[in-house]
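Each chain carries a letter (A, B, C and D) given by its place in the written order, and its residues are counted from 1.
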Amino acid sequence: MSKGSHVDALINTMLEIAEQILLVARSIDRQQIQGMLDILLEAKRGGKKVMVVGAGRSGLVAKAFAMRLMHLGFNVYVLGETITPAVTEGDIIIAVSGSGTTQIVVSVAEAAKRMGARVIAVTSFPESPLAKISDHVVRIPGRTKVSKEVDYFARQVLGIYEPLAPLGTLFEDAAMVFFDGLVVALMQALNVTEEQMMRRHANIEVP
Amino acid sequence: MSKGSHVDALINTMLEIAEQILLVARSIDRQQIQGMLDILLEAKRGGKKVMVVGAGRSGLVAKAFAMRLMHLGFNVYVLGETITPAVTEGDIIIAVSGSGTTQIVVSVAEAAKRMGARVIAVTSFPESPLAKISDHVVRIPGRTKVSKEVDYFARQVLGIYEPLAPLGTLFEDAAMVFFDGLVVALMQALNVTEEQMMRRHANIEVP
Amino acid sequence: MSKGSHVDALINTMLEIAEQILLVARSIDRQQIQGMLDILLEAKRGGKKVMVVGAGRSGLVAKAFAMRLMHLGFNVYVLGETITPAVTEGDIIIAVSGSGTTQIVVSVAEAAKRMGARVIAVTSFPESPLAKISDHVVRIPGRTKVSKEVDYFARQVLGIYEPLAPLGTLFEDAAMVFFDGLVVALMQALNVTEEQMMRRHANIEVP
Amino acid sequence: MSKGSHVDALINTMLEIAEQILLVARSIDRQQIQGMLDILLEAKRGGKKVMVVGAGRSGLVAKAFAMRLMHLGFNVYVLGETITPAVTEGDIIIAVSGSGTTQIVVSVAEAAKRMGARVIAVTSFPESPLAKISDHVVRIPGRTKVSKEVDYFARQVLGIYEPLAPLGTLFEDAAMVFFDGLVVALMQALNVTEEQMMRRHANIEVP
């Protein structure tokens, strides 16, 4: 393949991911969003903790959202980080998993339920184990690892279109942008300005 | 504001971010991409280490890329993680900072240069301190924190359009998607299949 | 209580922990140490990966050991960090848990066994769930959280001595020092000098 | 060397480290401890944040202490973790560095001073750059990396005793145990019971 074609692959993948985000923005269930907003706003009013969990790249997306929740004034933690305290009655767990099958994320969600927490699943699969045990589900479509084998079959046997972006990429990027949309919704709902967020933002940034 | 309008804010922000990604995909400098690809491919052939660094959400984006570089078979590390070894002659540092001014990221890049590493900056500002000391720069536009004051003036005094997404969001999300495009370019250049990436992918996923 | 007595409490706790380390050093099972050394040396010769896992402070102790294994030239990873690849046949998992009951550490060890890895448990309880599924156990005594209730009963009802150091401290500190002893044993067995370790040691130290 | 001698090396290193801890416990400056206690108790009463920072293994020791400060009810953060907010006037930074020269730790301490924070250095070298810019210093002796060259000279030329434990081990382990002593002092000063700490302790432990 010529060198330039690799640059084209990069650009085409970016276009593909942008299309996926547009698709999610246009097709996302308004009830699911409103439900998640309501749970988060109620948690904030009630002084409850919000805790995020996810594995791999979904975990990084969850952390990126947790950082913004801190900027918004939430009492937020990342499960597994140093200063994360006990989950208690009424806390909110946001569990991010494209496939909804990541074993340890499901175990964590189950444990949180036993502690009296409410679990919000952000996943592509509303029928997945994670979604089934959750109190609220937001569906973000994406070709996740679970649909992988199907796609492989579809591509090889049926000649169906296969995305450029590998593995969970489409879900992860769409989830990142979904959460960033949720941040703006929360800014408006809580009447928090960007200036206020900036003041909470880490002023000693350590990699 | 009515409740529904917060859902609209979320959707409009997703559309805005998707537009930003499309803009970056269409305007990105092909030479800059080709240069970064060449450096990474040369590092891989020469058995050199690739190390990523970034603070805050830019650091999370850098980690998401590092995970994929591992899937692609690179000898990759995140500066600051437990098993990251010494930087040595010929290693590649990928430094991610929208503003290009994050103090500690600049310090790390400078230190890496002294060890004989080559630094690639991924930033919105080719004139920033980070970009200036780097061997190669890829510019990803975005309203970053540096341009914040300008925007504030523009909005308040000149009535110019202000994006919904706060702080560094536009840069961070565009950089995430840029790196995901780069992953596909590297898959093609190295002839790595998704199946091979899956085999390297963590099979015990711990949050 | 007078102010000075808090300083005394600090000093007495340090003395208590030092006594615990002396106790562990004098009573530790030589066969268990030799077995762990043999497994690690065989893994290194066979090019296998060594992966560490632990929750909370035990996880930090595991990371401190992983850092030294990197200095010693091992192919070592921390489960859950960004660039940790798939566990494969013959890899070694070092699981650290005082009580041996930490749910997710046990789950990870079980999953690793299914991938064909060998598990070494470092724990106070050779009859714990973690120890039972492990291929090799090194017992480090310590008042761990499991023995907590017993101690409480012993103290309140029987008037038996209760250590100053709370929760898992005695185990965690003794395990930290045990691993640091193991580092010296590995230096000698592999003929690695401190100068060689220094050369691999991160030269750009990021918090 | 015979196999058994590696086991002896492990045990002898544990004894050496225990001796170092006893030495530190017996020689530590009571004024320095009292000063650190006073600063921490005042921060707690005043609702100020306590933030820890350290690189490499010193950073892990700092995190182990931060976890206990959370159990004690402090408003504590690890610089660089996801939900760490801005440093503000009156906050306390605990910077851990055996040599007191770790560049980025010194930079962070300087930045924190500019934000109006007070810096406590825990280091072996009261004349080090870190100690010099700090408001309070606690000296924990240890053969740190800085004294390395001296030791090398002493060992080679003067035949002086060289510890078994490599690099910063003696400092790191003594600092870990010092902080654990400080935890007990704080328990007494604040009248916090182990049962209360257990209730704050993470009940979903994620590696």
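One rule holds for everything that comes next: a contact is a pair of C-beta atoms (placed from the backbone, for glycine too) under 8 Å apart; a residue touches a chain by one contact, two chains touch by 3 or more.
Treat the numbers as computed from the prediction; the structure is a model and nothing was measured.
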For this session: Go through A-B and A-C and name the pair with more C-beta contacts between its chains.
Result: A-B
For this session: Since chain B and chain C are copies that touch, just let me know if over half of their interface numbering is common to both, same, or not, different.
Result: same
Seminar exercise, completed: Here the gap between chain A and chain C, centre to centre from mean Cα coordinates and rounded to Å, is 33
Problem set entry | Inter-centroid spacing, chain C versus chain B (mean Cα positions, whole Å) | 36
Problem set entry | Distance between chain centroids, defined by C-alpha means - chain A, chain B (Å) | 19
Seminar exercise, completed: Multi-chain touching residues of chain C, meaning two or more other chains, are 53, 63, 67, 79-80, 103-104, 108, 111, 201-202, 206-207
Problem set entry | Residues of chain B defined as touching chain D within the complex | 80, 103-104, 107-108, 111, 206-207
Exercise. What residues on chain C touch chain B, complex-wise?
Worked result: 53, 63, 66-67, 69-70, 76-87, 104, 108, 111-112, 115, 199-204, 206-207
Exercise. Mind pulling up the chain A residues that touch chain B in the complex?
Worked result: 1, 3-7, 9-15, 17-19, 21-22, 24-26, 28, 30, 33-34, 37, 53-57, 59-61, 63-64, 67-68, 71, 79-80, 102-105, 108, 145, 148, 164-167, 169, 172-173, 176-178, 180-189, 194, 197-198, 201-202, 205-207
